[in-house]
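Structures for review follow.
Heads up, the next two complexes both have chain A, just with different partners, chain B and then chain C.
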Partner chain A sequence: MKTEHDILIVGAGPAGMAAAVQLADLGFAPLVIDEQAMPGGQIWRASEGPRSDAVRRALGPEYAEGADRVARFRLSGVDYMPGTRLWHIEPGFQVFMSRDETAFSRRYRAVLLATGAQERPVPVPGWTLPGVMTVGAAQILLKTSAQIPEAPVWIAGSGPLPLLYMRQLLALGGQVAGFLDTTPKGQASRVLPHAMAALRGRGDLIKGVKWLRQLRATGLPWLRGVRDVQALGQDRIEAVRYTAADGRVHEQSAQVLLLHEGVVPSIHTTLAMNCEHDWSEAQGCFIPRTDERGMTSVDGLFLAGDGAGIGGALAAEERGRIAALGIAGRLGQDAPAAHLHAAHAGLARRLASRPVIDALYPPSEAQIPDETVICRCEELTAGDIRVAARLHRGGPNQVKAYTRCGMGPCQGRQCGYSVNRILSEEYGQSRAETGFFRIRPPLKPVTLGELAALEEGREAP
Partner chain B sequence: MFKQLTDPKEPGFQVFVDGMAVSARPGDTVAAVLLRTPPHLARHTPVRESPRAPFCLMGVCFDCLATVDDQTSVQTCLVEARPGMRIERPRGKLKVAQ
Partner chain C sequence: MSTADVLVIGGGLHGLSSALHLARDGADVTVLEGEFVGRHASGASAAGVRTLGRDPREMPLALRSMEMWHQIGDLVSDDCGFHAHGQLRVFETEAQIAAETRRIAELEAHGHTNEQIIGQDTLRQLVPGINPKFIGAAYADRDGAADPHRTLVAFRAAAERAGVRIVEGAPVCRLSEQRGAWRVETAQGAFAAPTVINAAGAWGARVAAMTGESIPLSAKASMMMVTERLTQTIRPVVSIVGRSLSFKQSSQGTLVLGGGIQGRYDLDSGRTAMDFHALARGAAAAEELMPAVKGARIARCWSGIEGKTSDLLPVICPGKAAGIFHIFGFSGHGFQLVPAAGEAMAGMVTTGVVPEIFLPFNAERLTTKGAAA
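Here is the complex of A and B:
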């Protein structure tokens, strides 16, 4: 592996891999780093792993596509460093990373962030209890370890992922105790205005309707219009409580509860770099601003994939190709305009059905109960944040300073949007006005030993 | 809490969770192993000593932090299990070695 590269790609998911392959085709030699042990990102996680036919069938054709993409990425011969954490970027770009407990720093002319998305945190009472996880987490366990819950699971939330996971779980003999569907009733009528635009992406929608039919046919207990989901228990979840559409409160024993309310872009790195972000009403999250070549408001810092707005794996690949062409142009090698047009046309096609999905599954706007822990690290509740807001009238950073909310190891990845929401409600202002925590390095925990041994230009282990 | 659907013929190896031998397979993350090893926890938090299990499995919640081969606060969902690995589940605040 070379020790000097002009271009760094952070993340080996659909966007990072597509960008790397495109750059290699154009004669560039980027370095790709990734936190995971294997390429593929979360969507195609462990694509190269051993797997039984039954699990392969259950994961389905969209997942199977990942093996082909990972193979193409490997064939491109691009330098790839798995198990590597990015923890700081200085303007210019001096980039700080760690691998195998060793920190190192290198300089790049262009950086592409292809760091994807995370599940939107779903703060409900009891969500810190062991036995409560995200739907995405359960699906990752299926991909990496062919692992399913032993007992029937409760699934609460909204969005395409719970539907996909339930299909996969049922196909493998797993059991669903009940699907607590929190999608507000009457969403279909809100979706109609988007239907025409979505016709171009109808493949996705037809697939979705097929999933819905198949799931209904299994007869799984599917409760619609559910709200106020809670996990109850002492040292682990023992029961789930919820309010049904008719207003009655139910309590049922539970061993595993999986939560999901869509995904949001990973914005910690772009926030730390002071990139411009816009609040997306449709996706209920901040999205870093990018130009038609995928460059953020920071010169030379590019962004591709779900980190640039949720669009799914195939849109992420198109964004990866667009950013690769942008980077090539910036380093003095303009690709034919037709390439960029083709990638943009591809992106538009891949995003055509997204407005329908966004409108079908809007993020919850229900008030977070006072007793709910919102900062999982520092164990602070929504009530703690409201008290701090009423006493100090400060923004997210003041609240952080007063309460320690967002100062733990996750650095606000789990509580940031809850603080944003609570303060917006308290002050009667928009989510954009409230803003997010100021994000500072290190983006990931680094040991003192790693810092002490840090030398500029040090070779990666 | 979770079970593996693997072929029993598939070769595995041993790791040690708080000294107890547990079987793992290639591709398993340490967090995946913890989720099928009773009592299915990763740690007790330093703040209130509340029990926590791996939650997000994609490196953004930090609830799966444990000590792996003497390295403290490792995100176990990002680390693959390897033969002979020693995993300790922290209880409360970490002590500084004497």
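Here is the complex of A and C:
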């Protein structure tokens, strides 16, 4: 592998792989890094992993598509470094990474962030209890090691991912104790087919309708219009409490509760780089501003995939191609305009159903109860934040200084949007006006030993 | 236009402390802060409360401050997270012992008994897990460290209780004098007062320039890092002779590492950026001091902008123009001085007499002999 590259692509998911392949076609030799051990990103995680036909079938056709993409990426001959974490970028692009517990830094002329999305944290009472986790985390276990919970699983939330996970879980012999669907009532049935499409970013609604029907046919207890979900228990979850559509409160014993309220772009790197961000009312999150070639407000720093706005895997691939063309242009090799037009047309097609999906799965606006923990690292509740907000009028950074909220190892990935929402409510201002925490490096934890061994220009092992 | 007896420019700890003491003396005080209280050096500080190794010219002020830190609750009704677990500067060679012993003897000759030399046994008791190559330390047992954010909250609240008005988001862009009163223009309108205190930290020289006075000042941006929480084993603040490291474990259990390794800064935007190649030296020093911390994960790094003079002493003196007083440029060790500097500043403003403990800090020294140094 070469040790010097002009272009760094961070993330080997749909966007990063598509960008790499496109750049290779144009004669460039980027380096692709990813913290996972294999290419594929979230949706096609561990595609190259060995698994039985039964598991393969259970994961479904959307997942199967990944194998072909990963193969194409491998064939492109692009340099790829798995198990590698980006933890800091300095302007001019000195990039700091770690692999095998060794830190090193290298210089690049252009950087493409294709780091995707994270699940929106769901701060409900009891969400920090053992036995409560996110649907996404449960799905990682399922994809990497075909691991499924032994006990019947309660699933609470909204959006396409719980539906996909339930289908995979059932196919692997898992049990759903109940799906507490928090999608506002009356909308769900109309849009579920779109939800299926959303996962992949295209409108194959018929297939969606089919697998919805299959999911329903399993007879899993599917409760619509649920609100006020809570996990109860002492040392771990013992029961789940919720308010049903008819207003009645139910409490049922539970060993596993999976939560999910959609995904949001990963913005820590672009925040740390002081890129401009806009608030998206439709997706209820901040989105880094990009131009028509996928470049952020920082010259030479490009963005593709769900990190540029949630759009699904196929949209991510188009955005990857667009950014690749943008990077080529920035390095002095303009591709024919037709290429860019074609990629934009592709993107528009992939995003066509997105507004419907966004409208159907609005982020929950229910008040976070005072006693709910929002900052897991420092164990602060929504009430603590409200008190600080009233005592010292100010933004998220002041609240962080006064309460330590967001200072822990997660760097505000868990509490950032909750603080943004609480301050916006307290001060009667828009989410955009309130803004987000200032993000301090390292973007991923680095040990003192790793940093100590860092030398200028040190190469990867 | 709002009027007051005293306008304080800068809502860092020094601005707040001066404001608090003046308000307690009966003055009507308004603090004008460009961003938010504690946004710069005071909020980024390692908050070491240290007399150990201080410049002798700062000692009288530092010792008065130390007395006040030990009673800090009396001043601001909160302990500011201050714990007097001591500060240590460890050494590894006989030559270093000799040099430290001489330095401390000289301090004692001036009547200062705040430091002593300790041997390896005591050192190992105080710092379990320390690398055995360190054979002793200079030790100031009444020193310690506070919690910077808690200190800011406490000083702010105490100042407000004493009647101080704090205006945030009000960067001062112009000062002009009219019939014995200063008119101060900010993004939030104009303010007027006969007396103005310039506590603008790294921007102190810019504010001085608005009054027509030129004071040489540069800046620095020391970098800090904090790890995940570890089991609490280390109480004192530890540094190494001749190395850029200060090492402590906070009451939350995190390791807080600093020591003056410099990051990058931009005075116009107020932003800082890390220099990890330089910070690697600090991590290496921490690992050398305490080999067991090698695997501790760094959770967050930051740096803060602080004014720096050529002799690393602050500027605390009346300005050239009547009614102006300066207090800035603490060169990376001003946190400890906060309580006493504010107290003496209030005295200076009220009486018009420069107290003896401030004499080494006149701005003149930087333009005449300081320029040659």
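The rule is simple: the second predicted complex is superposed on the first by the 439 of 461 C-alpha atoms of A that agree within 3 Å, B and C clash if a C-alpha of one lies under 4 Å from a C-alpha of the other, contacts with A are read in each partner's own complex, and residues count from 1 in each chain.
One rule holds in what follows: a contact is a pair of C-beta atoms (placed from the backbone, for glycine too) under 8 Å apart; a residue touches a chain by one contact, two chains touch by 3 or more.
Here the structure is a predicted model, which is why all the values come from computation and not from measurement.
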Greater residue coverage of chain A in the superposed arrangement, chain B or chain C: B
Touched partner set for A:Arg413, first chain B, second chain C, both or neither: first
Chain B versus chain C as contact partner of A:Pro445, first or second or both or neither: both
Partner chain in contact with A:Ser47 - chain B first, chain C second, else both or neither: neither
Chain B versus chain C as contact partner of A:Thr296, first or second or both or neither: neither
Touching partner for A:Ile148 - first (chain B), second (chain C), both, neither: first
First (chain B), second (chain C), both or neither touched by A:Ala401: second
Touching partner for A:Thr84 - first (chain B), second (chain C), both, neither: neither
Contact residues of chain A, present in both the chain B and the chain C interface: 408-409, 445, 447
Chain A to chain C touching residues, read off their complex: 88, 90-91, 96, 105, 274, 392, 394-395, 397-398, 401-402, 404, 407-409, 411, 440-442, 445-449, 451-456
Chain A contact footprint on chain B (complex, rising order): 1-7, 10, 25-29, 32, 35-36, 39-41, 45, 47-48, 50-63, 65, 71-73, 77-80
Touching residues on chain A, where the partner in the complex is chain B: 35-37, 42, 46, 49-50, 52, 54-55, 83, 101, 118-119, 128-134, 136-137, 140-141, 144-151, 172-173, 235-236, 255-256, 266, 376-379, 408-410, 413-414, 445, 447
Residue numbers on chain C that touch chain A, as the complex places them: 36-38, 43, 149, 152-153, 156, 168, 226-228, 252, 257, 271, 273-277, 279-280, 283-284, 286-287, 293-302
